[in-house]
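Accompanying notes for the structure given below.
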């Protein structure tokens, strides 16, 4: 146990170093003036220059610069956006919850849909159902997310008018942002139109969540199916059946538990992709999150924002991967002894 | 409770705008987006233009008395006009002459404490050389104020009625000075308009609340929301899904599409505008008139009007649109001709062409619904004469900022008149003064041209003025600092339960009289004038 | 425990041939592989087949619907876009950009990854564990995100997109080759080769290489579909290929303006894109299944 | 009365191009508390029979039998549910690779617990928990595991193969089955551990009157304690009789070859390097079985008649399938 | 009079077991062991699991490098680094024959590769040698064209033997290579080994758990326990009077 923790911590340290060093190196990789890339201030005056050069230690060794960078990171002094002059720290952490919210709901959604379908398709009782689910998931897997988004909006918003097309909440409702998670914000706010606002928020969530969930759902269906299939072939399942347990009991006690373990791992592996797809979804549905910010920033060559956004998104991805790893470890007694290096 | 919801919806006006305002004071900008978002909602002017008749009429000023020599304008203000009360400012007094004096002094007096706040550039006022025109502003009494001019300039009152000449609160400015937060005057606005500022999230939305103590008739909405949706088709989608009531700047193809949709009104509104292709004449090779002239031949106006405007525009044969009184149809032989362009380019010393950038606005404007497409057409034609064009766009804010810094080679942009005076097309776009203040995108300064348009200003006789403007246009078409491309038809698109939205032919949109009906308005008011 | 082979009589064919046979039995995948061949053909020769240049604007035929539409015209099979460019030509050319470039990117990433991965697979000790850590870090980053980062550094454009995609896929390939090699190195038959007196190179050439090929083929097939997705997504969000380049993602984004008025301008490139990815995925899946089937025998 | 009586058992694998008969017309019967050995080469269908008996073959397999009696009841005539119930209450099975047969993600106690008879699970939530714990401890003690607490909280991977196999046995005997099927229970174990396991099974058979079907490759481990021995070849039961008879006078050439190919320990040192008795050739695949007698091509005394499938014959309690059986005094 | 073919002195190997969270990495030391092999005899190594039998075998075949020890072959001291000597004189037959064959290469080619790595024969000679090796283990020439997956366990084991013998080694190590075979196949392979020893005077080192087989095949026995040789001698003597408790236990396990 200790060893496991030790290994994970050292990995975490390595990763933190990796991410921050990478973010730091962006200062140099981005075109343009170094000090502007660091501060986000475009027209640096003479007297200001000296002050900033001292603060950012740009005339000292790379190591010192990097350490200064770490210190600033820690203090929340992430510079300002080259274009708007807003504090990047503020900007990012205001938008982060929206991204997390979208990704999380999509994940939950795909879990709810994919696990039963995956299990169903793994049970060999309905070969046609299996084929159907598989083909559908293959199609879903092959659809570029933006194209899927266009088709879905065209059908469900434009033609049928069931759901709104973009945004998180109708602007009619004025909900003070407390946590940044819209559903939570609505619940803790004291506005007279709580209920409508809540259902409106759900309506807004529907299409983006569905579109974003398409990818993880198909991945999950396939991985659930595969792992359930292999688990159901295992001797211990046969042994359990021979003990006289019913199909459902076998599934519940042994099948799902073992079958879903690799699924957790798959999720960990694909979480990063989910986050990137969330970024694309944000762009498509004008979802005010980190992804939209980042893409905008790339359009506008707003290097400070790009750097901050990338830092946070990669940190998010890593944290999630480690989280899934820990989850995996909790559920799989074997992982505790064999979890080498891999995150 | 469903009751609540209907109330909330009925009391909210949702406007899907195409971009974010730069700030909340039109004095400092020329951008239509800012004007739309700010001028008529938050502020009033002394006088305004009636959108129907085009005549100047009273606004905050009850009456205007003009002296015989047309050099002194005395404005009598309304009494009891309340400023906005917000969480950052509570007014203690109503509007008086001080406020008017402050609002204009800020623009005119370079040593005014607020003059440099926000950069110190007032593009519109600088463009029409207002500071030189107004000799003095005299506070006669609490509710009377007099403007003394240096010249009896014909366009003064029209300029006073533009969306730029708004009235700020002097009391608020004082409060800000005390707090040392002068910058806030343009970002946390206080005005007298029908709606007041509540909240703004950059690139997402603006929320205005009703101004309860509005001096004119009570506004019809509890809140007005600007839903900032730069993407054209997203805006249309929002209109269709009732996420917005009014659509700002429909794309040309969207008009065509929306015409066949139920529940949507499309109204053609009169508009004086021009879209043009401006060359940065301070940079080679565009400092060479021959090159500019050559490039002007590759502009295929018919193709552009077909593809970009979807025929909702007229080809521009002059800078002035045909509905301006000073317009005169002259055949300038502007035909699209690759041969001529090629020949001229060779003559100018560029037989093999060159590389250039075309900056295309990222947003839809009245005068140009899709600059990107237009740029692609130009790019295609340019390639025929060996010029390799690269299309550049940034988001709107960055775009304008970089444009003002003159980083462009050439730009596709346009102009929407601020008033009916032809001068509004010439001086802001091409005068030497504007070359420095920024709205002259060609950075072009021609003394002869300048003197022509100044001469045109100094006289009042329309026919004489017209003649001067024609001469100016002749110079323009010789020198080609910019190539006029089209005069677009402006549309107002809204859901059919909305009425009373006013589109100023010279500027922004006004929701002062807008109403939302529980049911559709009756047929007669939503005649689809714009339909062909 | 040596069991009987119940399935079929042993066939005297190489594993690769067996894989192909098993693949052949899956008609669905077989059809998809024809589709894939067709798409590859278009990706290579699309430019030559195109009736018009993808850039030329037919002023007289703006937003022309496809030929099967009532108002369509046989001149433009798939209709035209808002600038009068022939959509068929643009799709034919665009397949080369989106799909062809993806294939080239995969091939490039494969060769570089193969080289580095091989070295990594053979190295041991501190060097290897450092590389492992770096790879672990790089692998958690989804390829699209890496591509976005690289484009952010290099700036938009189709060639930058290409390099971004290559670089983004590299860690996966290195990792794949490396694990493949280190897995194989643990196999008994590789030890047997050393005991037979084979040196490192011979072991690699005779023992490892023949056993890596099929899995590499499958992995690369799967990588193609993700490379296509990366390229088009970058194009779509406007930081990849720039219009008027007929890259399918950029094309879809470009035509969004007229999506409601003339949906085919968006749907047709989308379908072409979808087919490319679908065929690739089906073939990849089919190969994977075939491999599984072969392994079971 | 017979404990188990099966006639003409066929097991077919369906999901191939054409169905393959992996086990063909096997007759098998045994008496209560009998120990029956099932031997034969790998792949001859021993495990399939065992799995078919406990009914854990998945639906790709088709199991048919003309008669399937267990404890006097005709299982063929019962509903699936009832059949399953009877089987799970009375037949238990232990497998070759014990660790693979234990769920790696749940601890030993919970797995042991769920194999207790129904009566321990009914009643209020947890009301019988203590009783179950006691019972489980008793079971572990019975199979010779003393540190029960430690074992209870362990996961399978923490235990040695031998312990895992003992736990499997504990689970198998939890319901006090009438019949225990041990499918190569010692193959994965070291010789000293496997000795322990066999001793354990032996004592259970003697003390609890539990019938045992012991499937193995290892002839030595079976001959000393099995009452009867059944020999399989290529999906057929080719000979079955009492251990003594089979050892002394095997009737089927394959049976003889099987016993002869095992070097005999009692023999003196093989100084002159004589060869072992070996059948030539290899075992055919199930899809390409020879016509007639399945041993045909490999049989040393094959003759013309061997192209006809031999029917089971019974001589003095010794059943075999051969046209030319060995060790028969007077040939007809 | 037996002739000493090979003598091992003080062979030693120690492993550092990787530490993991249950046990804190114990060191395993195999040896030092010393023993000799006579020409044409079969030496059996027995011992409990983990006692170091395979390690000794691997050290002899240089699949592992020894930490210390001396090897005298035919009266001459051999350098451990002289790999071509080992590959040509001491060959090992693996436990799982199928796993030790390259699944992607035809049998003939694999045999040819062995020749390529070690000899300078030309194509014709190589083919002849391959055919001879196949014939020797009772396979047909066309089997050279087969892939490993097409062989049954017994046939695969024969190929393993062919591969070991194709370089005409003096010593062949058989590490549990007979255990996984079915009785009837095992008998075939045992017979084959006996034949080969008879014809070519091969020396075998046989590692097996099956006491009966050892008794049947071998001349001398080494008994190992936790890395050490605890008993060795002629097979009759040891079976008649086992001295060490480990030997007793091993022998006892077989009469069940």
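So that you can tell them apart, the chains are marked A, B, C, D and E in the order they are listed, and the count of residues begins at 1 in each.
As a working rule, contacts are C-beta pairs under 8 Å (C-beta built on N, C-alpha and C of every residue); 3 or more make two chains touch, one makes a residue touch a chain.
This one's a predicted model, so the numbers in the text were calculated from it and none came from an experiment.
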Chain pair that, of all pairs, has the most C-beta pairs in contact: A-C
Farthest-lying chain, centroid of Cα atoms versus that of subunit E: B
Separation of subunit C from subunit E, taking each centre as the mean of its C-alpha atoms, in whole Å: 47
Distance from the mean Cα position of subunit E to that of subunit A, given in whole angstrom: 55
Subunit C-subunit D separation of Cα centroids, rounded to whole Å: 51
Distance between chain centroids, defined by C-alpha means - subunit B, subunit D (Å): 92
Of all residues in subunit C, the ones touching two or more other chains: 1-2, 4, 256, 259-260
In subunit E, residues with contacts to at least two other chains: 22, 152-154, 182
Subunit A, residues touching no fewer than two other chains: 158, 299, 337
Subunit B to subunit A touching residues, read off their complex: 1-2, 4-5, 8-9, 12, 14, 198-199, 201-205, 207, 223, 225, 227, 229, 231, 234, 237-238, 240-243, 394-395, 397-398, 401
Residue numbers on subunit B that touch subunit C, as the complex places them: 231-233, 236-237, 251, 253-254, 256-257, 300, 302-303, 306-307, 310, 370, 372-373, 376-377, 379-380, 383, 391
Subunit A - residues contacting subunit C, complex: 11, 14-15, 18-19, 26, 29-31, 138-139, 141-147, 150-151, 154, 158, 272-273, 275-277, 279-280, 283, 294-295, 298-299, 301, 306, 310, 313-314, 317-318, 321, 341-343
Sites on subunit D touched by subunit E in the complex: 41-42, 158, 190-192, 194-195, 198, 217, 219-221, 224, 257-258, 260-265, 269-270, 273, 275-280, 282-283
For the subunit A and subunit D complex, residues of the former touching the latter: 124-125, 234-236, 238-245, 249, 253-254, 257-258, 261, 331-334, 337
